[in-house]
Each structure stands twice: as structure tokens, then as C-alpha cells.
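What follows is a set of structures for review.
The two complexes that follow have chain A in common; it is paired with chain B in the first and with chain C in the second.
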Partner chain A sequence: MNRWPFLILLLLIVPLFVTGCWDSKELNSLSIISATSIDRERDHWVVTFQVIIPQAIATQTGGGGAGSQSPTTIFSTNGRTIREAMQNASLETSRMLFFAHNSILILSEKVAREEGVGQILDFFLRPFESRETMSILLTKGKASDLLEVLIPLEKISGNAVKRVIDQSQRNLSQVQNIKLIDFAARVADPNASAMVPELQVSGNLKGQSSLDALKSPRNEAVIKLGELGVFRRDKLVGWLNGEESRGVAWLSNRVKNLIIVYPCSAKGGERDSLSSFRVLKSSTKLSSEIQGGKVTMKVQINARGVLDETGCKMDLSNPRVIAEQQRIIAKEINGEVVSTWNRLRTIETDAPGFLDVIHREHPDAWKKLAQSKHPLDEITIRPQIRVNIEHTDMINKPYSTLLEQNKRP
Partner chain B sequence: MRLFTKNKQSGNPQPEACTQRSAESPAAETKLTGNLDDDLRIIKERTGGSSDLIIRLIDSMFGKELRIAVIYIEGLVNEQVMNSSVMPSLTAKDFIDPHHLAAPSEVLGMIKNRFLSISNVKDVHSLDEVLSAVLAGNTAILVSGATLGISASTAGGEQRGVNEPQSETVIRGPREGFTENLRTNTALIRRKIRNPDLWIESRKIGRISQTEVAVMYLRGIANDKVVQEILQRLDRIDTDSILESGYIEEFIQDEAFSPFPTMTNTERPDAIAGALLEGKVAILVDGSPFVLLAPVTIFKLFQSSEDYYQKFDIATFLRLLRVISFVVSMLLPSLYIAITTFHQQILPTTLLVSLAAQREGVPFPAFVEALAMEITFDVLREAGVRMPRAIGSAISIVGALVLGQAAVQAGLVSAAMVIIVAFTAIAGFVAPSVSISNSARILRFGFMILAGTLGLFGIMAGLIALLIHLCGLRSFGIPYLLPLAPFIPADQKDAFVRVPWWAMLRRPTLIGKKNPKREKKFQKPSPPKNKN
Partner chain C sequence: MEKIDKYQLISMTILFMIGSTPLYELGIGVKQDAWIVMVAGLLAGLLLLALYLYIQRNHAGMDFFQILNTHLGKLVGTVLSVCYVVYFAYESMRNTREFGDIINISFLPNTPLSLLMLVMVLLSGYAISKGVEVFFRVAEFMFPFTIFGYAALFCLIIGSNIIHLDRLLPVMEHGLVPILEQAIPEVISFPFGQIVVFLMFWSHLNEKRKMVRVSVYSYLFVGVLLLLFNVLNLAILDPSITSITTFPLLRSVRLIQIANFLERLDPVIILLIYIGIFVKMTAFYLGAVLGLAHLVRISRFKLTVFVGAAIYGMSFLAPNFIYHVWIGFAQNLKYHFPVFQICIPALLAAIIFCKSWNDKKKKRAKQPS
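Then we have the complex of A and B:
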């Protein structure tokens, strides 16, 4: 009989304890941030936000007006700490900054090299509304410039960049989408080092940051993914170019979809005739061996794929020819792996996590290595690469052989 | 709540101003005097000389010594029966022996046993009985000098025929619906269940209205305790009138202050027949085509009688759809409020941006906006029910165009909100029983307030409270959430899903437990075994 007053009382008390994602805010009082960048100017953090202007994007209400307004707006604030910079943002915005939909965080090279990412990670891991799934990117110039570039086909450029990363990660294994949470984990891991893709603008930045740019079919400037920044602890130590980032992908067993371009013969004889091999499935196994105090990493790569394109003249129905092709491809991969390893040794980062493997398999050897000043110099690698061309797609013989036949009569 | 129960219990002994005293005054006890003039005078006095009371005096050659009075109410009797059966027998030539003045009781006996060609004839002893018989549409026949009379069943008059029910239409299934006449209704049910075990217990409820209420059940299948409980609760009712079965429902339902109905009603005889066969009890009220059904569980309210006529697969799909629609119509506006004002992070970015763009320039908070739109819809709905048919198209134009389209264009309401309200409204109409869609309609506002103040936490807290309430609810002793809580695996065959008829082996466990076996096993159709 007297349950109801009690229940209502309970209903009123319970919410006091369930705080958290709480506090009502109307949709039209929010600034939805799609991308954030962090720069460093003297002793100040410069935080730049890309804020979505909803009316400019969802044009169906109000009817028309598409293209008359920029889909996003950008503003920068600075402060001695990142939080202070954000606090200062409220001096110039009419609305509350809303971070839950921030999809990318761009750090400038200067910040990553000189300041380190420790404080930035601390700041972004702390508040409940920031997403751990935002992608981390580096840029060599001023990070805020990237937020200004308008991307054709896309309204929200922050989301677009995230999609570029996702898409190229699927089609090109050398690119890796690194989320905030993974980045933080890699930075903290003593046996591994974080790698972050670089985002760059190629072309005339000024031209592409005005709405008029979207009116012409050819873009003045484009945003694209470039090299791969490598971290040691929380600081950026170097860049890996395209070939080297592929090598890292091979070493760290991340290859899912990759094109390998290789010459017709191992000697490289015929000029301008190249073939493409598309990796469909690949696995890399790392194992360590200790021989007389010397550490050797065995890198077993097993790649299977398709011959996708060829300009060479050869009989692909002959198994020997295929075997020859496989050898050339293996040599190509071997070259990438070895040159990458040499590069990694010079910048002293253990991106593929070799030390981790040694730690697991030979703890004693690892202890010795860990005390060494340059542990990577004491490791040699021995790649063992097996390539398997599974098929040659819809045609067997190269098309160029057909041309040869036509010449004869 | 206590206030109400007190009234109910103490209502009987207290003299109440509202009830008519004259009907129950000592005069009601009067026996027939035998003096026809006196009797007729009292009857006229008691009815205030109402013009529809017809008293026809038939004289005999014995003058005042032997006169016959025929009393009936015009409009309540079947005129054809009166003219072809009652009157000819009383005016027949050989009816009264001119040579011998028979005793009044003898004359009555002759009328009753030899002449009156009416099948249902009863003796009446008091004026009160005469009056109630006449008011029920019967014809009373009094003979001068006799202290008893005859009541002949001549009830008839203008009545609505059996039509297709308006509130519950089906695509497949019988098209007949109950009418306002109790006897027609009992007959409609009897026609479906031709079994002597279909019992009817009648009560007259309403001190002024004297409404006949019939309780119908299948003896041997219905739970006797439930039947007894219903009869007891009916006997406790002491009111002046019962004009619709809704009166009875509010008097006898288990929980007076629950948004959920613990009894249901239907216009369909086939639905009642199906329920009786499950062991439920029907309560029919004269003058109402809506027949009450008890006990009822919440799943029953999501079931349409058509579920049992269609194939089981589509029936199952439709039941799930109805449950989902119920949840949608109860929660959709509150979820929208909670998500857009508290938990924007759980939406995909593009959806959030699209919603944000629509809310741009809307002057009110989402909660106020939703509340206003929901109330607007309920106003439209109520107007649609009440207004004259001829203006029907006007309201749809005003409702759809002005309030929907124009409000969005004027920037008063966001387009998303109109979609939400419209879908909520349509989902509310999916429920086959109006009573359950009305509970969603009321609860919707409660949840909107919770969502507007506490977000999803508020909705969750509300749902938990609702669940606690539902778990505690009983309908005539049967748990309301049966067969989910308590969980009865055997009864799952007819809750969310409807298994094929050949698998519907037993009746619902708690309701029809007296006679659980429903049909023979192994009746699944299969190709004949080829023995050659």
C-alpha cells in the first residue's frame, strides 16, 4: 500500500549517485567539433578547432542555400596549458565546445619533436567527453593549416580525413590508422614505438581554403597522407618514407592488401617493363635465435597474392616462369625489409617490436640487450620470404604477346 | 484509495439522495389486490401516467365481473407478436364461455395454458413484478379478481442489427460484432460454442437502471474461484445505474490506479469465444456492445483474434511488431529528448549534424517542443473522434498541413520532431486493444518528463519502476506478466509467438488449469506414408 511514496523517493535519490554523462544541453547550443590541431608557439599551446556549421551541411531545411556558406569554421586559441587554451575559447564562441564527435587530432612536427606528446595524451584521456577512437596525425608544417583545406565531395573535412585514413588502410597496408588509445598504449610500451601517419597539403593552400575553390573541377590543393612519423618514447624521432613504411608493415605483420611493383627479371634488363603483384594474404612470423651471444631475428614472411598486371613478355602458364616471378617478388620484399631495418637502426626505434619478441623468447639475452646503449645495433635480421602467386586473374598470357603475334604475318 | 473502498463498502446502508425512493418504497411490496381498477390506478400512479405505457382493457359480456387488462410499453414490445399472438388469443370467440362465469384464476389458467401462443410465460404476483416485467419489454396480463397475473415474453422493438465491429476490424475472420442487446450477444456466443457447459449467471445491477449483467463461462474449464470472485465483486456493486460495461470495469478491476487495464473488452464474439475456451470469463452488459473479459495478462492485450486465423508465422511476426510498436509509442519521444539533450555523443556524427541543423532556429528546448507536439497530436486525435463526420477532411488538412508542414517551415518545430511525433502516433494505433494503447499514451508524457530532467537515466528509472509495478499487478489473481513472470515455458507458445494450431496442446496454465488438455497430439500434417 505504501510502496509508491517509497518508490518515488527512491527515484529522486538514485539520480544523485548516477552522475556522469549528465547535464542537459540543447543541440543548438553546441559547437560540434570535427577536428582539432595542436601547435606550439613560443611557450604557448595553440589549439585550433574545426567547428561544424550544421545549417550549411544539412541543406534540406530552409531549402537551398547550399554552397553559400562554408560547412565548417575554424578558430584558434592559445594558453599556457591546453585546458587554458580551451577555456579561452569560450571568450570567442557563442556555444559550448562539444568534443565527443572530434574525429582527428593533428599534431605539428614541432610539438611532437620538442614538447613530446605526454601532456597532450594526458589532456585527451582525462575528460569523459573526449573519444579514445579519434585518429592521431602528424604534420610537418603548421597543424592548423590543415583544418582550413576544403575537401571536395565531403562537407566535414575532419570526418573526411578520418575516412581517407580508414579507406587507405584497407587498400594499402602501409598506412595505419592509429587511434588515441592505441597511440597512448604504444607510447607507453617500453618495447615498442608508436608510428603516426603524416598528413600533408600539396598545392596552394590559400586557394583551397575559400569556398570558391569548390566551384572549379580541379583543386588548388589536396590533403593527403604522406610519410610515417616514428616516435621514441613520447617524442618524434624521424620520418619513414613510403618504401620504409611498407617495410615496417611487413615487419610488424600488418600487410593485408599491398601492391608490389617488380621488374621482369632479377637482372633488371628490359627497361620500362614492370609487373604488379597484389598481396591478398600475408603473415609475418618473428623469432629470435642466440648464437654465440649474437642475436639474430628470423623474419618469416609468407605472402600470397595475384599477379595483377604485367608488361613483360613471358609464358605465365609455365610453372617455372611463375616460380621465377615469385623469386623476384621475394627479392623485392627482402630489399624493402632490409633497408627499413637499417633505417630503423639509425633512428634507434624498435617499431616492429623486436625487443618484445626477444624478451618473450630469450629473457636473459633481453636483459643484456636492455642494458646496452644501442640495443638494436646488436641485432641482425635474417628474412626468409616465401611468395606464392595463386593465380593471374582472368587472363593467362600477357597481352603484349598478342601484339607480337599480330606482327608476324 | 482508501476513500473509495470505504464508500463502496458503506454505500448500502446509507440513505442516498441520488437514488429514487419510490421504486423501493413499501408500495413496491404490494401484492396484486385483485381489484383491477385499483391495481391499474397504482400502476399508472407509479409510472406517472407516462404516455408510452399502454393499458388495454378487454371487456367480456359479464361486464365488470370479468375484465382483462393487457399492459405493455410501446416501443419495447414486438408489435407483430402483440398483434398476431397476444391480442387474438384474448379476443377469440370461444375464449369465454358466455354461460358460465369462471373464476378469475381459472380464466388466467386458460389464457396461460390454452390460448396464449407465446412460448415464454411466467406468473407474476406483485405490482412490482408487473412493473419490472413491463419495463423489460414483456406484456403483463391481469384479470379482474385474480391476485396474480401473467407476464408474456414479447420483448422486441427497434434494435441495431449485428454489424461488423467498428473498433476491431480484421481481414480474415467473422464479420459480426456484438450489439446493444444482451440476448443477441449471448446468442452470438452460444452459436460459436454449442455446449451445455457454457453457463450464464445473470445479475441485475443498478438500482435505478436495473441493468442486466450476464457472466458467461465454460464450466469445467474456467477457474471456479475466478468465477466466484467475479460474481462476488459484481454483487458488491451498489450504484444507481450501469450504462456501459466501463462502469462495471472500474468497479471490479484489481488495481484502480494503474495505467494498465486488468480487464479487456472486445466487440467480437469470436474473440470472446476463444477466450472462454482458454478458461476466461466474459461479462456482458445489456446496452453495450463491449463485452468485458477477465482475467487478462499483458500479452493478451497485444493479441488480435485474427492472430489465430492467420498462418502462425505471420501472426508471430505481427505480435512482435505490436510489442515493438507499443514500446515505440511509449518511449520514442522521450528517447529523442534524452539523446538530443543529454547524450549527443551516442549519435553518429552525420545524424547529429543533421539533427542539429534542424534544431537551428527552433526557439524552444527539445522537451518543450516534444511536449507541445504530443499535446497537439492528442488534441487532433480527440477532435477527430468527437467532431461530426462531415468536417473530417477539414481536420486532416488543418492537422497535417498547418500544424505539420507550416510549423516546420515557420521554424517553430524541427522536422525531426514532426517525424518522431507522427511515428509515435502511428505506432500507438498498432495495438489491437484500445486500452493498452491508451496506457502508452499516458505513460508517454511521464517518460518525456523523466527524459527532459534526467536523460536516459530518467527513462531507465521510469522503466524499472514500471516493471516493478507490472510484476506486482494481478488480474483476478492471475499475475499480469504471465507467462513471462512467473516464467512458464509451456505457455510461451501463445505469448510472443503463436505456434501452429496442432502444437497448441494445452490451455494457458494458470487460467485454464482445470481442464488443461486442448487437443490430441501428433496432428501435424505430413505427407501420407507410402506403404506400397
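Then we have the complex of A and C:
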């Protein structure tokens, strides 16, 4: 009887050494994927991976990866399902594909428009190693092309793209990083549309995909963020240009940092002179009102910022002048918001999630709207914009006033 | 008689109730109102707890099987005792299989399920073979780590700014009826009604007077904790994604990203869940062993081995995890568990109440004469 506890203890200890054997993964048997793209060719999915080559990035000196070896390698495979395509990849790699560090997923316009993203989302939400925090991007051409472009300053272009998005989101609110999980939630939401930034190559793609490209200071091609793709349910239905993506940012309370360029006077007189207003803080409040079956969406925008640059001649220390400037900026924002809304209505996508707001505030009115064929046509918006110029930075009068004084005798 | 103190009871109650519950989104059938289902379940569960405590209070020093035998007679008592032993073992097996599959899905897809479950059952069996006191001390020891773990996760979630409370609106879009339909009996049966197994342990408490207060406070504490994580899942993942996700909390935790280095914390949540599962499966296992000890006179150790083997064997009954979850959530919670958690205890309490009322009447009748 005394031996029993000992035996049990032994039984408990032995499995500790055994667990993990079935699932051991050695680092040098993995090929780590940094970016993935999905295209569609006839009835096949074409999945392209960008795989990091560890030897090429493991150098002490940073900067551009101008070594003798490309920092990443790319291969494409196809299959009837995405998983089959991935599985076919193992026919041509020496290492097991490791997905957990994939940071971006690029979809081609064709896939998003024709196939819809339903199956893609299903696939990427399912396996444990796939991360919900990867960024989603769209491209108008072949998605795999984007993975070929080498980016200066960065070694792994998948990570570089992620940084470009993060950086531009911080400094320019029209671009919004969208994580897989948020994208999936937006697509599933019947009352809102998902928006995904477009990634494009501008320039000569061939030139920038060879390693020699990084040796010259001027790039043959650059990867840059472009328009904004809007979805209706799981299908891409249209693109919003720069101005419209700013309008959407205003409407959906995403403006953090933005430059507004505006003319000196509301009449647009001095045509050549423009000023820049830099938004530092902004909030947008959406609230719906129902009056006699009509739905009005109140859009209260409150933007605060500084005057960053001006070519106009005016006395900026005079509060009345500043008030006038604020009015012009508000008009400018108003224009963006209204034109964006008109565009959204024509492509019938509810990118800012107005229906969601109505659903939350007036469930009954929402029920009526949800049955209507063109619910967005029944909503009118009423923007109320308040702009506050907090200061004019380090100079309080435009430099151009000095030039005026010099003219005088 | 083995003794436990109130801190051990607090730890045990809280860890037991946490179990694997945070991992699931209970009441997701009503989408954004799932948390209201949770509140309803919590309150209804409190009534059940009061019922159990009422039964225990009238029989200090007796455990559930003894009470059953005293009030329902030898035959019915024995039959019900056997049923309860099976029920406890079944609940224990549910947790065993569940965690085995969680590990299979999340971390070790190629490791055989049989081995994962064997390790768990052996560990629980070892704790039980050491007795009630040791098991409660283990719970007391693990309690601070678990609470700290959940608190840390909560802070990290707040810190990574992924909570969208507007996803909880509109509240009660379709009224109260669907909410109550979800709450009763499903959310009562899991997790709140499971506390029925404490009828096996309360008799060991050394300070009997504190039993009610300690139990109710622990229950409320853990109820709020579960409610909190329920709300967090909805607010982080959106009701739509939550409703299709196998383990919503695991997914929510995977979204934590702080300062570009603190991310991918899924091992933490799996560890926390394992503590809960371990406590819950061991408590049910222990309940079955203690119950069986009343029925057959063999040593505790042999009973432990026997029940452990039975639990391990039963855990292979479901052919796959899908079936296991279906039978648990769609069948057991609705039709089977309420019998053990609500019907029989209610019946027992009614009998006790009638008896004591009768006694009082007799006393009163006697007094004037």
C-alpha cells in the first residue's frame, strides 16, 4: 500500500516529459510568413506568401537590407479552397509554413468584388495560429505583385506595409488600419459597411523587385496607400478617393490628425493663396432624429487645431479675423462631409454606420428603414460643425504682412 | 472528520464557479443582450443557492447523501445517491473532455486527447486521494494567482483600447421574453446550479455560522466577475463574431496589443482556465467519491481509482468535440442537469420544510397542555 503514492507520483511525472513531443516545432524548420495575398484565377484561389529569410535579416548593421540576399522570398500556389492552396505550398517549400507572424493580408479587387470575402474571413478566423490583428488591404491589380516590391529602410516588406499604415493613420486620418477582427465584425453588421484601404504600386514594378533597386537612392517604384474600398455586406462595391475618405473619417469620428487646406476668404477671391489648418483634436457625434417619419442624422463635428501655414494677408491677432477663418474651415469640412454622403448614397453603402446609430437610438424607425429598398435615401444629414483655432503657432501675423510694409515708402 | 476553514471555502467557491465559464459566451442566443441573460441566471442561481443552504443549515454536519437518506428513506435515498454519483462523475468528465479538446484546438493539435485527459484525471485523482483538506488547501493556494491573472487580463484589455461599449446597444431589442427563455434553465444549469456539489463539502466547514454569508458573498463576487467577462467579449468581439466563435474569451485575449510587444497572451488565459477546470472537475470527482463512500465500504483510495477510471472512460463517449458540446449545451443543460440541480433539491427542501413545520405544530399543540 505504501508504494501506491510513489507509483502515482511517477505516473504524474512521466507525462510531463512526454507532452509536447507531438507538437514540437523547431525554429529552423519553420518558414515564417510575413504577408499573404489572395487572388482569384478562374475557379482557383491563388495564395501568395512572403516568407522571411532569416539569414538575410540577421545582420547587425541595419538599413535597407542591401546585403547579397533578398530578405524575403515569395511563392504562389493555387487550389480550389484556400487551405488547399496553402497545402500545395508545402510541395515546394523545404520548411513548414508558420502563419502566426503574418501581419498583412492583401486581397485583390477581383476577389473582393466577385467572390466576396465570406470564405476568406471564415478561413482566417478559424485556425488557431492565424492572428485576428493582421491588417486587411485591397489592391486594384494583382495582389501578389505588392509582395514583390522591396521597400527602402525596411527589410521585411510585410512589416513595412504595416508600419506605413500605422504611421499614416497617426498622421493622416483619412487612412484607417482595419484589423481582421474589426473587418469581420463590420462585414457581418447589416447596418454598416466595411472600409479597407487600398495599397498600390506606383512606378516600375519590375525595377523595384530586384535587389539592385535598393542600391540606388531613387526608387523605381513605391508602395503607397491609395483610395478606400467600401463594401456592401461581403462584397466590394466602390472606391472612395482621398477627399471622400476624409469625409468618411469625419462622419465616423476617426479624425485625429488632418490638414485642411482652405482659401483666404469664403468667396474664394485671392485664388492663389491658401492656408493650412491642422486638426489636433476632433470629435464627431452622430445622433438621429425622427420627425414625421423622416429621419435626420445630426452630425456634430467639433474640431480643434492650429493654423499651420498661410499665404493670406490678414491680422491673425484679431479674434474677428480668426472667427472668419473658422467659418471658412467649417464650410470646407461641411463640403467634404456633404459630398461624401452623396457619394455614399449613390453607391448605397453605409460606411459611417448611420443605420447602426438609428438602430441603437430608435429601434422602431430602424425596423421601418431596414425594410426599405434604399434606406440611405430616406436619411438626410444635418452637419453642425464647430472649428476652433487654438493658436497660430510661433508667429502671430502672416509673414506676408512684412512684405507689404516693405513696399511702403 | 476533515475540516476546512472559511477562506478555503471562499477560494473553492470562486474558483469552482469560474471553472471554464469565462471561456464561453453564455446567452449569446439573444446577441447583445447576452449579459442580461447572465444577470437573470445569476439571480435565479442565487435562489438555488439559498435552497441548498437551507437544506444544509437544517442538517449541520451531514452531507448531501446522508440528508437524502434521512428524509427519503433507505430505498429512494440509495437510488438517488447512485444517480448523484453518476451525475457528479458525468460533470467531472464533461470538464475533462472539454479541456482536452481546448488544448487540442488551441495549442497541441497533434497530441493525443487520451494522453491530455489522462494527465488531468491523474492529477485530480492524486489531489483527491490526499483528502478533502488537501484539495481545499490547493484551491486556497491557487486563488490569489487566478484572481491576479484575471485582473491583469482585464487591465490589459482596457489598456489596449479594444472595448467598444456601443456594441451592447440597443438593450433589450426584442423584450424580456427571449432573455428569460435563454436564462432558464440553461444559464442556471451552467454554471450557477453546479454549486449543488457543495452540499458535499459544507458539512466540513469549521465555522458553521459563517457558511451562509461566505457562500453568498463568494457567489456574488464570482457572478460579477463572470458578468464582466461576458460583457467584455460582447464589447470586444461584437455579438456577431462572438456568436460564431468557439471560445470567445480566448479570441478577445488574443487581441490584446500593448506597445508592440505585449501581445499573444493566449497561454495566460489557457492557464487560468485550466486552474478553473481543475478545481471544478476535481470537486465533482471528489463529490462522486464521497458519495460512493456512503454506498460501498471500501477504502477511499480504491474508490478514487475506480471513479477516476470511470470518468476517464466516460470522457471517450463523445465521438468528437462538436457532439460533446452539443450534448452538453443543447441536451444536458435543458433536460438532465435541472433534475439534479433544481428538482431533487427543491423536493428535498419541501420535505424538510413540511417536517419542521409539522414538528413546530406538534410542539405548539403540546405546549398548552
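Assume the second predicted complex is superposed on the first by the 379 of 409 C-alpha atoms of A that agree within 3 Å, B and C clash if a C-alpha of one lies under 4 Å from a C-alpha of the other, contacts with A are read in each partner's own complex, and residues count from 1 in each chain.
Methods note: contacts are C-beta pairs under 8 Å (C-beta built on N, C-alpha and C of every residue); 3 or more make two chains touch, one makes a residue touch a chain.
The model shown is predicted, which means the values in this text are computed figures rather than measured ones.
With both structures placed on the common chain, the touch criterion links A:Q291 to neither chain B nor chain C. In the superposition on chain A, A:R360 makes contact with chain C only, while chain B stays out of contact range.
In the superposition on chain A, A:Q371 makes contact with neither chain B nor chain C.
Once the two complexes are overlaid on the shared chain, A:D23 sits against chain B and chain C alike. In the superposed model, A:S94 makes contact with neither chain B nor chain C. In the superposition on chain A, contact of A:L11 is made with both chain B and chain C. Legend: residue contacts after superposition of the two complexes on their common chain; A:T133 is shown touching chain C, with no touch to chain B. By the document's definition of touching, neither partner reaches A:N2: not chain B, not chain C. Residues 11, 15, 18, 21-23, 100, 131 of chain A lie in contact with chain B in one complex and with chain C in the other.
For chain C in complex with chain A, the touching residues are 105-112, 115-116, 118-119, 122-123, 125-126, 129, 166, 169-170, 173, 237-238, 240-241, 244-245, 251, 254-255, 257, 263-264, 301.
Listed in rising order, the residues of chain A touching chain B in the complex are 1, 3, 7, 11, 14-15, 18, 21-28, 30, 32, 34, 52, 54-55, 57-58, 61, 98, 100-101, 103, 129, 131, 156, 159. Contact residues on chain B toward chain A in their complex (touch as defined above): 1, 340-345, 349-350, 352-362, 365-366, 408, 414-415, 452, 454-455, 457-458, 461-462, 465, 468, 472.
Interface of chain A with chain C (complex): residues 4-5, 8-9, 11-12, 15, 18-23, 100, 125, 128, 131-133, 179, 181, 184-185, 188-189, 359-361, 363.
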